[in-house]
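Next, two complexes with chain A in common: one pairs it with chain B, the other with chain C.
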Partner chain A sequence: MKKISVKICTGTACYVMGGCDFLELPSALSESLLTKVEIAGTNCLGLCKEVDRPEELKYPPFVMINEKVYSPSSLGHLIELVTEEVKLNE
Partner chain B sequence: MRFCVEVNCATTKKFGQAAFGDTFVSKKVSNGKRVIAVLSDGLGSGIKAGVLSSLTATAALNTVEQNLTPKKTAELIYRTLPECSLRKISYSTFTIADIIPGKKAEIVEFDNPPYLLIREGKLVSVEKSMVEFTGAGSLKKIYISNFTPEYGDRIVFISDGVTQSGMGTAKYPLGWGIENFSQFILGEIAENPEISARDLSEKVLQRSIMNDIWKAKDDITCSVIYVRKPRNTLILTGPPYRQSMDSHLADSFSEFDGSKIICGGTTAQIIARELNRQIDVVLKRTSTNLPPPSVMEGADYVSEGILTLCKVAEYLEDKNFSPSIDDPASKITEILKNSDQIKFIVGTRINEAHQDPNMPVELEIRRNIVKRICKELEKNFLKETEIEYI
Partner chain C sequence: MSKTINNAIRLKREILLQTIDVFLQDKPFEKLEEIPYRIIPDGADSYRCCIHKDRAVIRSRILSVLGYGFEDIDKGPVFLAEYAKGIEKRKNFSDEVVTVIGDACSSCVETGYSVTEACRGCLARPCVSSCPVDAISFIDGKSVIDKSLCINCGKCAGVCPFSAIINKKAPCTLSCPADAIVKTNKGLAEIDRSKCINCGQCIVSCPFAAVVEKSQVVDLILSMKRGVPINVLVAPSHRGQFPGSSAQLYKALGLLGFKNVVEISEAAEECAKEESMEFLEKKDSQPFMTTSCCPAWVSFANKHLPTIVDKISHTASPMAIAADRLKKSDPYSLIAFIGPCTAKKNEAREIGSVDFVLSFEEVAMLLVSKGIDVLDLEIPDQENLHRDGTKFAFSGGVTSAVEKFIDKDDLVAFKPIQIDGLNKKNKALLKAASMNKNAGNFYEIMACAGGCVAGPGTICPPEAAVRKINNEK
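Up next, the complex of A and B:
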């Protein structure tokens, strides 16, 4: 099965708006989940500069899960999103 | 041919004292082409020694700059030194180096341990002429030597705290001595022929303190003057105002001869795109909570922009800064301190997201931080800086 790709934006805006906590994702996921995802950091995705984004996806921090943009409110929220995506994939 | 003179001094005070008794001062004059450095060790230790040595060092620095002869300089110093109320004598030592790379160097010594001239990893002995002068009521002797400084030359001078370190211990009953000190310096240079003045002086200091079993028995100072080719560093930060300048940014990066640092994710992405290179973010928390660095072929270091540069400015302004591991700002600060000429290419496009009032921290304007860093590098670290805005 293809692994889920999780890209964490480490740009300045994302980082100060809470993205710094997302760097803990590899250690926060259970081992079974960890085998199903591929986590990588990325330089600024440029999403913070796009003005015409929908309200719920307007503000950093941003994460891309399987090339889809999310704006998780916390590390817990990000874990939920990743878990959901893994379930959908199965 | 361009020369660069790196001057550095590592010093500590006698254990238990509140003030430094040794003073080292240096100055670059004639637009950096002439370097004058003075080390003085005041009688005794603590604040009295500090007053004597700082008077001596600053007076010597100014008289040498005004081209007074060594004898006149020595006499002038001794006329102005205050007398120690306890010992009823006024006394401080000095070593003065007046250097114009490629042309001439004059070293004037008075009562400090002899200086070392190291060329191609070996000690060079230089003929010294003795000149007498009258100071504090008695005849005193200064030694003057002249030579032509060449690429790779190192001039090392120390206070007697170095040669006397370890005195009374089983290993060095009579102190570390000039012989052991010379061998130590030559060993360090053999191990790392490119060792900077900063690292070498620090190594001597640490070794001397260790000889004294971590409690310096006297003020200890080691100054190193290193004549070498300039070390260049380029820092690229911020995307250009016009996208058409992206290729210029990438060309400046690939054509530069020296260390290359990129501060900014977007900047790194532009260079990677233009040069068809890959960037990988090191997904790991940094020790100082700054965004993690990235890795890109051809770049010595790639970091985030504003937050990291702000931290670098803070570190440069902090006199007690000590680098920490896994900290991007420490890494950049160290590279800057080990460079002589630093060029900044600053992209002036503003990231609107950074100006959002909802941001929990205030993000400085890039241009202002770079100016702050340059000011600090020039004033306190005697570096040459240049800023290009694109």
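Up next, the complex of A and C:
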């Protein structure tokens, strides 16, 4: 099965607004989940510069899970989002 | 206590960023009034009773970014722009670094002794007879404490055979190592300045983010705008706090407008060397020596453990050593220090050579406001890394740096003890040491558990920061 891609933006704004917490994702996920995802920190995804963002994507940090953009409020929230996506994929 | 990203921290950083934007991008000061409305727009969900209170709290947060405490602001209708204009007139910074936003404090009144479900309503009722102020009565067969009478003496909790009476504490009072937080009769947190050591633990622990520090960031921006040259000292704990390498960060700081960027780990290495010599010199004449680099510890000793003060190393802190040298080579520039520490603000005032103290959080927001992407910067040649100095950033690091400078023959006499955070157990150890019941002869003391990487002004989780420090080439 194709792995779920999780791209964590590490542009300055995303990093300081929580992106650096998100980089701890590999050690926070269960082993079974970990085998199903591919986690990477990336250079600025440029999302903060897009003008027409919906309300829920108003503030960084941004994470892309399989090309869909999210703005998780905490590491726990990100884990929820990833878990959901893995379930959908199965 | 380690902090991880949550709603309160995100909100706090967003307010910091928008406030910095006004000054850095030369917007009229009146724009400050828009921030509460931009962050909490009409129709938004409120965190507190209503969006109006949310906005009032945000306004107070803006004032703390402008460097005002809630003791020194007018309660009347004064525009934020007026406060902003007042910054230029500020002569020096206050010693009272930590301040409570009254509106934000949830006045966790449910503190003090209370009876839990475990109460069996027993026949003996020792709680009633032990209470010196008759505050306990029985309602529906259970013990009830009348809060208006209770003096929080704790006698009832001590005598209850079911341990059904507990002492609830607010997160701020629980986290404070100096017992400096008192609750007013309305339950609001208030800081007892005679006890406060400005360690910032209350800032980290309050889930309402009601405790804040008075920022110096706007003062710095305004000085830069006036063309004042400012050199910057960077604490060893900066690794991991920003994306990219140290070299990229130094370049970013240059782009922000700092004249020269000086990494403190070289001075830290020197501090370790000097401390090792001091240790060898004193080991036979005094029972033990403590480190001096943590300003919250030094303040704690002065205020709460005066008998230990003469055991604190006389070696200056890495910040003081680096600032002193910088002042000599470039006397006409101001000096800013960036680090994770609230107590450094007090140390800076005492030594006099450091003009501004900024947290990593504040510097990060300066970078965001200026649109500087650290990771995108071309990496200049990596400078020499002072590996022993960088270790000052975490608990145990100072000890290992000092140890390196002690000769093999003398090493048998080196008995280090680590005081990792001023918790109850460690405070008891220090108290015992002050009465010469000491287990070792070299005490490394960090007020924050984990060391500077876990300080109140940090951005990134301490484990990640330590990993980055150890991995840097």
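Rule of thumb we're sticking to: the second predicted complex is superposed on the first by the 90 of 90 C-alpha atoms of A that agree within 3 Å, B and C clash if a C-alpha of one lies under 4 Å from a C-alpha of the other, contacts with A are read in each partner's own complex, and residues count from 1 in each chain.
The criterion applied here is as follows: contacts are C-beta pairs under 8 Å (C-beta built on N, C-alpha and C of every residue); 3 or more make two chains touch, one makes a residue touch a chain.
Please read all numbers here as calculations on a predicted model, not as lab measurements.
On the shared subunit chain A, the superposed partners chain B and chain C overlap sterically.
Within the superposed three-chain model, A:26 lies in touch with chain B and out of touch with chain C [touch as defined at top].
Once the two complexes are overlaid on the shared chain, A:75 sits against chain C while remaining clear of chain B.
Of the two partner chains placed around the shared chain by superposition, chain B is the only one that A:39 touches, whereas chain C remains out of contact. When both complexes are overlaid on chain A, the residue A:12 reaches chain B and chain C alike.
Shared contact residues on chain A (touching chain B in one structure, chain C in the other): 10-13, 15-17, 20, 23-24, 43-44, 59.
Residues 10-13, 15-21, 23-24, 43-44, 59, 61, 73-75 of chain A are the ones that touch chain C when the two sit in their complex. Note for the complex: chain C touches chain A at residues 4-7, 9-10, 13-14, 240-243, 361, 364-365, 367-368, 372-376, 459-461, 463-464. Residues 265-266, 268-269, 279-285, 289, 291-292, 294, 304-307, 351-354, 356, 358-361, 363 of chain B are the ones that touch chain A when the two sit in their complex.
Chain A makes touch with chain B in their complex at residues 8, 10-13, 15-17, 20, 23-24, 26, 39-44, 46, 48-49, 59-60.
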